[in-house]
Structure formats: structure tokens, C-alpha cells
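Per-chain residue numbering starts at 1, and chain names A, B, C, D and E are given in the order in which the chains are listed.
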Amino acid sequence: MQEDKIIELKNIEKICGDRKILNIDNFAVLKNKFNFIIGGNGSGKTSLLNILCLVDQDYQGHLYYKGQKINKEQQNLELRRKFSVIWQDPYLYRGDVFYNIALPLKLRNINQNLINKKVKEIAARLEIQNLLEQSAHTLSGGERQKTSIARALITEPEILFVDEATTNLDEESIQFFNSHFADLVTDEMTVVMVSHDRRQIKQLADQITLLKNGEIKTTKKLNNFNFELFGAGIESPIVEIV
Amino acid sequence: MQEDKIIELKNIEKICGDRKILNIDNFAVLKNKFNFIIGGNGSGKTSLLNILCLVDQDYQGHLYYKGQKINKEQQNLELRRKFSVIWQDPYLYRGDVFYNIALPLKLRNINQNLINKKVKEIAARLEIQNLLEQSAHTLSGGERQKTSIARALITEPEILFVDEATTNLDEESIQFFNSHFADLVTDEMTVVMVSHDRRQIKQLADQITLLKNGEIKTTKKLNNFNFELFGAGIESPIVEIV
Amino acid sequence: EVLTMATTTSTENSGLLEELLPPFEEKFEVRVDVVAVGTGAAIELGRNGDADIIFVHAREAENEFVANGYGVNRRDVMYNDFVILGPPSDPAGIKETETAVEAFQKIESEGAEFISRGDDSGTNKKELSLWDNAGITPDGSWYLESGQGMGPSINMANERQAYILADRGTYLAYSGDIELEIVNSGDPVLFNPYGIIPINPAYHRHVNYQLAMALTGYLTSQQGQNIINNYQRYDEQLFYPSAIEAENLEE
Amino acid sequence: MDYYTDAIFRALELIITLDSEVIQIVTTSLKISISSTFIASIISIPLAIVIARNKFKTKKFINIILNTLLSLPTVVVGIFVYSLISRRGIMGELDLLFTPTGIIFGQVLLIIPLITALIRNVIFSMDEKLYKTAVSMGASRRQKFKLLISEARYGIIGAVIAGFGRVLGEIGVSMMLGGNIKGVTRTITTAMSLETNKGRFAFALALGIILLSLSFLINLITYYLQEGKNYARR
Amino acid sequence: MDYYTDAIFRALELIITLDSEVIQIVTTSLKISISSTFIASIISIPLAIVIARNKFKTKKFINIILNTLLSLPTVVVGIFVYSLISRRGIMGELDLLFTPTGIIFGQVLLIIPLITALIRNVIFSMDEKLYKTAVSMGASRRQKFKLLISEARYGIIGAVIAGFGRVLGEIGVSMMLGGNIKGVTRTITTAMSLETNKGRFAFALALGIILLSLSFLINLITYYLQEGKNYARR
């Protein structure tokens, strides 16, 4: 595995009201790797993800994609369409589950037959095929989460951003989710993942970045995973997970 | 420990549209115990909780509190005020964190000084004291969850209902949460908990009920916890957690 | 005390009432509430007992009102006159006509556009009676019914360069803003008599009949008639008193 | 056609000289439209909540009727209320015709459908979890109701502002039920209508400018009262 | 005072006999108010979204102005448009005065503030996550816009219905700019106003009943078109 940097951040600052919620000098997402972002609640993980996936373009500093500086004033539509995000608290649109899963493809003007096929495929894999015609707002917590996962995976993104996606999932689904990813990443996918799940991290992580109060405390690249090494010298109890 | 039944359900059916989402002949919540409800996504855990905590009174069948039948046509305000719920997907009201945590006490017409004292106390224990004046809709996922936990605990309920409350929480907070409960339950609290968290269940459960497709597959009372015994003969992968 | 008088919009718009009523209000320590609406509506208000007295110009309807017992002691108070207005270019050549009926006949024969108020007001009724006298049933694309008050109708005629029958008071009020000119006036049939009718207290027991009669008396008294006679706007006399002989008036 | 400069000058003149007649009609207008809005809101808010939140058989029908009543013309309200408060009407004894109270009566009926329909739309769009959470926190019916109003407050204020705008700028009801009596029931709009009929467009416009300035002022105050900061932030 | 039975009988009579004059004014009314609502909506929807979603310096001010314009009286709109389209106005050449188009012009101006303000309120209350999610799904600006409209559709339809009701029941603008010319620009409301001035209250009410029936019909159709089932379910 090479260690290409697919996204790089330089001198990022993000201020909300009178709080500086992010302050990052340097950060890179490694290509074709599992990049984990961990940290306590409110440490800035979601905010960082927002910036990485180009959803939030209102910050100080610069973002590079494959070495090229991204213009924050632009839509960057083409680039954004290579990304997918599974949000911590997914928003589903008014309509049924099918509509929600199909949306990203519709936005890319894919033809309806292909959409039908793909939606059915992904829904079957996530075992929500019987919910396709159910109104999204009547779903259970886990069903919502699965719908949002299906919606993110359906575009076969180059980079997948995941913000605590296994929240609300049952054991079976978490297993599927984790193994599915391991499959996917061999297929040239890069994953950026926020997680509190110790097992998930153990199983998947190639790089772990620890955030605290909006700053990066440590970044470790891991080939042969070594928890003790990583944890050494950092006071945050977060590290105990790893 | 006695095994008093504080809540009992008899012949419960709940129908949504053309799906029967709950069908339970018999279920009891044990007093001063940790009652876990487990099951796959969409198995009806949240729906059952809604009925137990009197939020949903629109179903077939009957609910008994300490042996007394509860009239579904009534508000049951007094009884409801003995309960607290931590929801799977917490709703916070427009206003700051303080307002949200204080709300249940305000609804009970507690005097403002006492409210101030209690809010500060609980916020400090959950380490969100510095967020008290922050607008609730700017909180991070974990911060929202903690706020909703504080809001539920502040009334010192007789029965606490918890629907995957550790969702989104960091390791430290989960630890606090679990140990806090262990403390609380000795103080005459009954807990009904929906969880996918194997560790939590191991650590806390007195009774485990497994739901599947809205029906109860097994209920086990556990003194000396024995996973193998419990799991035997049940096909659901859920059981593997236990 | 309050006396409610229902009258037509044109009466109020002329500004006469603001001169005419204050001396009465002072003398009788009363407030006169003037409600200005369409002629038909004013009569309907009287019929329902929502006014103590009505002051309108629609002789036939007034007679019917009294005949039906809704009002008593109708008095003539004053008159003004109608004028026929038209564009300065006068395409139908109305300026050459003598009588109003002649003018109407020419308008029809030339097919010139004419605006009718079409609202059953005193003015509208006068116009219809003129068409009747001229032996014409007004119809066709040259004849437009505006269904509006005098002012807006004059405006419409001005915009469309059409002919219209208008009361002199309203015409004068608009004369600064419009191009229309008087093309025919002075024919006695164009006189426009105003009558005042107290509501019958036998029919509506609550009405303030005493004060209504007092107002009737005042308007037809020498004082009231003098004020009417001396009321001028735009340097012209708008109304002519009709309750007492001209020689009994003062300048 | 230089209505505008003329109108603006006249408006300024009327405002600066504190023309007593203008002050009087402005006061009347304000008093009437604030009262109407207040009373209509008191009625509409609970009504809207009942319609939006309760399940009853005729709900669909009621909703369509409510939307229909949005096109209620002032004349219909005028005639209807007139028939009640006229001397020959069943409320004739109360002597409400040609009084500010009469106008308020009519205006309240005029805007109840508007305010109710708009608030109903707001309540419809609220997150269902609001209610569940309120119940689980131990809210009584009354408290749930209050909490709902507090959550929906920006939407409710928006609806009330729309209702206020409607009555402040309304002419037909004020004309028919008030009678445009000078010094008693003459409002800014009926005065405008009168001036327009007289052909004094510039003067009518001047009154219109005063009306809009007044409305601006009231909206400015409302804006700051309703936690302007939060409102702006969203 | 038996206006009502009289009015209902007359209304039925007019409807049953298909009175040709009534058919004519009903058609005119419908044509005008549907056109006005359509044009105003086309303008208001993007306008509302721009105001609600963008951050700009004068936003607070624009919002207050928008609320202020809710009290725009018909007379002001009437005079304003009149001054533009009258023979002496800058658009005089177009001969719009006393035509249905003239009325539409005025009505569009009258309801743009209403529809815009109401839709703005709806957009304000949408969940912020809607936008984030749309962007992350790869929506272009245009698609984000469409998605927003689709999410807010019930609120938007509610606002448009309110606007439609306003113009259908509106009198002042139709009167001033249309001139209530029989057979040309006479609408249900101007005819009602005329009958009221004539003192023929029952006949005016009969027209009012026809207007409300019409509005009911249109709302019924709208209700079913807008996925009545979903709407009712909430």
C-alpha cells in the first residue's frame, strides 16, 4: 500500500460565535486507507468531517485534493460527487425509503432502470428491501441509519465519510457494515471514519487521529496495530479505547 | 432482591397502517432491577418502550402499574411524572442547554433556586456545565445526548426508560453513564433499557427480553449471569451479543 | 347626543357638509355622524333604521321610501346640476347641441364612447331617464358601464376620452387633473334635486326623530339655506337652495 | 403625474405638523387593528392547534373550508356582520354599527381564517418528537400546549403579523361597519379611499405612506421583541 | 332582515340558470386570480428562498420591510399601478388600464409580499440538515433549490393558497385598475361591491356565496392534487 495523501488540510481554523471549534495546522487523509478520527464529545470530529467532505466551505485555511488547492468560493460539484457521507444524525427526505436511497443517483441523472436495479441491490444487502415503500419518517432508529448508509454507498464513492454510522445498528448490521467496508476498501475506496467503537477501530484502522478541543493531539499510521504505543503519553481517556 | 412487578403488560397489540408492529401477551418490568430489551432493528423495542412509559396510549390490551390497571383514556399525569425517558433520537427544545435540562422541573413547578442548583449539579456530573448557555441546536451529537440524559435524570424518576442512550457518547461518558446507573438503581430506581451494547448488558442486566418482529422470543431473569444458557436454542444473531 | 345621517358619496365629497353641519352641531350640542355610501345603500341603511335621517338625490326612490312608510316629512333642500363632459377635441360635436337629449342622441348616432355609472345612483337614474327621453336603448360597445362612483367614472372617461354625465361638484373637484371639458350644460332637465328624509319613528322606535326634524328644520331654514347658497368651491357655486325663495336669501 | 414627490412632501408635512385629524385617524386605525389582531389571535391559536393536532372525522373537510375562507371578501364579512349588528339584526340593541367595536367585530372574523390556516400549517410542520418528549417529561395537556406554542413561536408570530397587516391595510370592512365617520370611525384606509374618490390621489398616497411607516415601526418593534438576534441568526 | 335565505335562493338561481352575466364575471375572476397567483408565485418562491437562505447585510432590514408590506392597502397598489399604466404614465402606451391585464399587474404586486413572507417563514423553519445532506449527496445549486422546494412543498402550497385567497377576495385593486366595466373587467368582487352600494345586500351576498363555492372547489382540487393522503395523515 502506498501512502498517497488524497486530501490535505493546511492551517484550518473554524470559529462559531466566540468559540474556536477547530484549529488544525496539518491533516491528511490517506488514499485507499481507513482514516479514523476519534476524540471526546464536542472535540470537533463532525466539524472536521464537514470541511473534509466540502459540505462546509466557510472556514480559514486551505484544502488540497490530490495536491490541488480547492477554491472555497466554488461549488466543486464534480469533486463532491466523488464523495459520500453517512451522517451522525441522518436526515431523510419526505417520501419513502426508495426515494431516499435513489436520490443521489437521480441528482446524477442516472437512468431510472439502473436506479431501480441499484436500489434493490443495496437494499437487499442491508436487509431493508421490505421497507422500500415505507414512508421514511415512520422508520425505526436503526432502519433510518441503514437507509442513510444505503444512500451513501449507492454512488460507489471514491471517498466515503462516516460519522458514527453504527450508532443505532444491531449487532448483525454492524458486522455487515464492518465487513462490507473491508471489502469495499480493497476496491480503491478511501474511508474517513468517526467512531467511538473500539472494536471497529481495532478491526479496520490504518490511521488514527485523536482530536481534543478542536486540535489534533496525535496522528498515528498503523501497520501492525499497537495500542500501547499509540496511547503512550496522552492523558485523554479516549486513548484507552484504542 | 425481591422480584416485584412494577409494570405489567397483558395482550398488547399495536398496529401501524397494515403492519402489526407489536404483539405481546405478557411482559413485566421488575422493580428495582435493570430490565433490558434487546432485538434487531425494527423489532419493536422503541414501540414497546413508548407503551411502557405511557407516551403511547393508543394500542390494544392493558397495562398495570403495581397491579392496578391504567386507564388509557386518561392523562395519567401523576404516574407519568414518576417516569423519565432517554430517547433514541433526543428532541431538544428551542433554547439553551440550561432551559432544556430545567424543563421537567419547571413542568413540576419546582422553585427556581432549586432548579438552578439541580441543573448545575447534573450538568457538572455530565461535564456539560460549560455548555449551559449554548443554544441547543448548535450542540454536537454527543452533547445533545448528554443534555437529554441530564434532562431525564434531573427528576430522579422512579422508573427510567432508556433507548440506546449511549449512542454517540464517547468512552468516558459511557463509563460514567453505566456506573451512574449502577449507583442509582440501589437507590430504589427501576431501569428499562434498550441497548445493543454487549458490555452494558453484561455489566448491568437483571432481566433480558428478546424481541423479534414485535413478539417476545425469550425473557430471562439473570442472577448469576450466564450467556450460554440464555443464548441456547435461539436462532437470532442478537443473542450472540449476550 | 349623536345623529346619524346616511348620504351619498358625492354629497360628502363636495365638502358642503363640513360647512353646513357645524353650526347645527353647536346649536343643538349634537354630533352628526355622516355615513357616505351609494344612494341605494343609503336608502337601505334608512330602511333598516341604521340612520336617523337620509340625505340623497334620487327623487323616485325617495318617493317610494316615503310611500312605504320608512320615512316621513321629506323636504327639498337644494339642487345642483349635471353636466355632460367630453374630450376637448369633442369628436361627436356635442358642443353644438342645445338640449341634453339632443346631446345624447348625437353621442349615440356618432357611436362615441360613453361611460355610464351603472350603479343605480341618482346620477345613473338621471342618465337613464335622458336616454329614455331620447328614445334610445343604450347598448353596444360604445356604452360602458363602470359600476363605480362619480369620481372614478370621470377618471375612466378621461382615460378613454369618452363622454359622461357628471354632477358639477365632482367635475370641479377633478377638473385640475383631467382633460375632459363641459360639452353641454344648463338644460333644466339636468337639475338634480336633493331631499332630506327623517326616518319614521313609528317604524323604527329608537331613531332620534326629534333631532332629525331639528336638522330638517335647520337645513331648510334661512341660516341653512344661506350657507348652501354661499358655499363655493373652485370659484363656483355648487348648490342652489330650494327650500326658500331666492329673494329671502342673504349674500 | 408627479404624485410621488407630492405625496412624500404631504406625508412629511402631515407628520411634522402633527396634523390633529391625521393623529386622530392614525390612533383609530392602530387601536382597531391591534385589538382585532389580538382578539383574532386569542381565538385562532388554540383553534389552529386543535385542527392540526386532533384526529376527527371532519378534519379534511375543515381544512378545505379553512383554505376556502382565505378568500372571504371584505364585502361578505361586511354584509354578514352588518346583518347582525344593524338595528334590525339580532345584536341591534348593542348599537355596534358605525363604531370602532363594530369594525373590530368584522375584522376579527376576516382574519381568523388567515391566522388559523397559517398557524395550522406551522403546527403541521413541527417535529412529531416534540409531543412525545413533552409527554415523557411529565407535561400536562395544558403544559404540552404551552410548550408547543413556545416551540412554534416564530411561525405563530409570522402568522399574527400577516393577520395584522391584513387588517391594518383593509378597507371594505372598516368602510361598511365603521361608516368612515369623521372623528369617530375614520381610519387611515377609509380616509385614503375617500381621498381617492375625491380624486386627491397624492393625498391618498401620503396617507398610504403614513400607514406603511406605522406598519414598519410596529414590525421593527416586534422584530426586536421576538429575540431579534435568534431570528436573524437562522 | 332576511338576507340569507334570500341570498341563498338567489345564488342557487344564478347558478342553476347559468345566468350568462354571472358566468362571465366568474370566468373573469378566475382567469385573473389564477394568473396573478401563478405569476406572483413564480416570483415569490425564489425570492423567499434567497431572503431566507442567504446571508447579506441588509437581511434584517429586508425582513422587516417584507413584514411591513403585508399591510400594503389595495388603494396604495391601485394608485401606484394606476400612475404607471394610465395614459399619462410611463407604461401608458400599453393600454393596460381597465383591462384584466391591468388588474393582474396590481394583484401580483399586492400578493408578492404575502407569498414571499409566508414562504420565507416556512424555509426558516426547515431543518438545517436538509442542506448539508443535499450538498453531501452531490446536489448542484439548482438541485439543492429543487430539493428544498420539494421538502417545503406543503408550506409553499399553503402560502400560495393564502395568496390565491387574497386576490380572489380582493376588491380595491380590481376596482381601481379594472374599472368594474360590465362585460370586460367586472369580477365577482367588484360586482359585489356594486350591488352593495346599490343597497342590494342579498344579491351581493348571493355573489359572495358563489365566490366561496368557487374557492371551495378549487381548494378541494388542490387538496387532492397535493397528495391528499399524505397531507391528511400528518
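Keep in mind that, in the parts below, contacts are C-beta pairs under 8 Å (C-beta built on N, C-alpha and C of every residue); 3 or more make two chains touch, one makes a residue touch a chain.
Being a predicted model, the structure only gives us computed values, none of them experimental.
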| item | value |
| --- | --- |
| Any chain in contact with chain A as well as chain E | none |
| Steps needed, at fewest, to go from chain D to chain E via touching chains | 1 |
| Two chains sharing the most contacts, counting C-beta pairs only | D-E |
| Farthest chain (mean CA position) relative to chain B | C |
| Centroid spacing, where centroids are CA-atom means, of chain C and chain D in whole angstrom | 36 |
| Where chain A and chain B are represented by their mean Cα positions, the distance between them in whole Å | 29 |
| Distance between the centres, which are taken as Cα means, of chain D and chain B, whole angstrom | 46 |
| Per-residue multi-chain contacts in chain B, two or more chains | 89 |
| Multi-chain contact residues (two or more partners), chain C | 37, 48, 149, 152 |
| Chain D residues counted as touching two or more neighbouring chains | 86, 88, 196, 201 |
| Each pair of chains that touches, named by its two labels | A-B, A-E, B-D, C-D, C-E, D-E |
| Sites on chain D touched by chain E in the complex | 1, 3-4, 59-60, 63-65, 67-76, 78-80, 82-83, 86, 88-89, 114, 117-118, 121-122, 124-125, 154-155, 158, 161-162, 164-166, 168-172, 176, 188-189, 192-193, 196, 201, 204-205, 208, 211-212, 215-216, 219-220, 222-223, 228, 231-232, 234 |
| Residue ranges of chain A touching chain E (in the complex, touch as defined) | 50, 53-55, 75, 77, 80-81, 83-85, 87, 89-91, 93-94, 103-104, 107-108, 135, 151, 155, 161 |
| Residue ranges of chain C in contact with chain E within the complex | 37-45, 48, 118-121, 144-149, 152, 156, 159-160 |
| Chain C-facing residues of chain D, complex | 86-88, 92, 97-98, 179-184, 194, 196-199, 201 |
| Chain D - residues contacting chain B, complex | 127, 129-130, 132-133, 135-141, 143, 147, 150-151, 153, 230 |
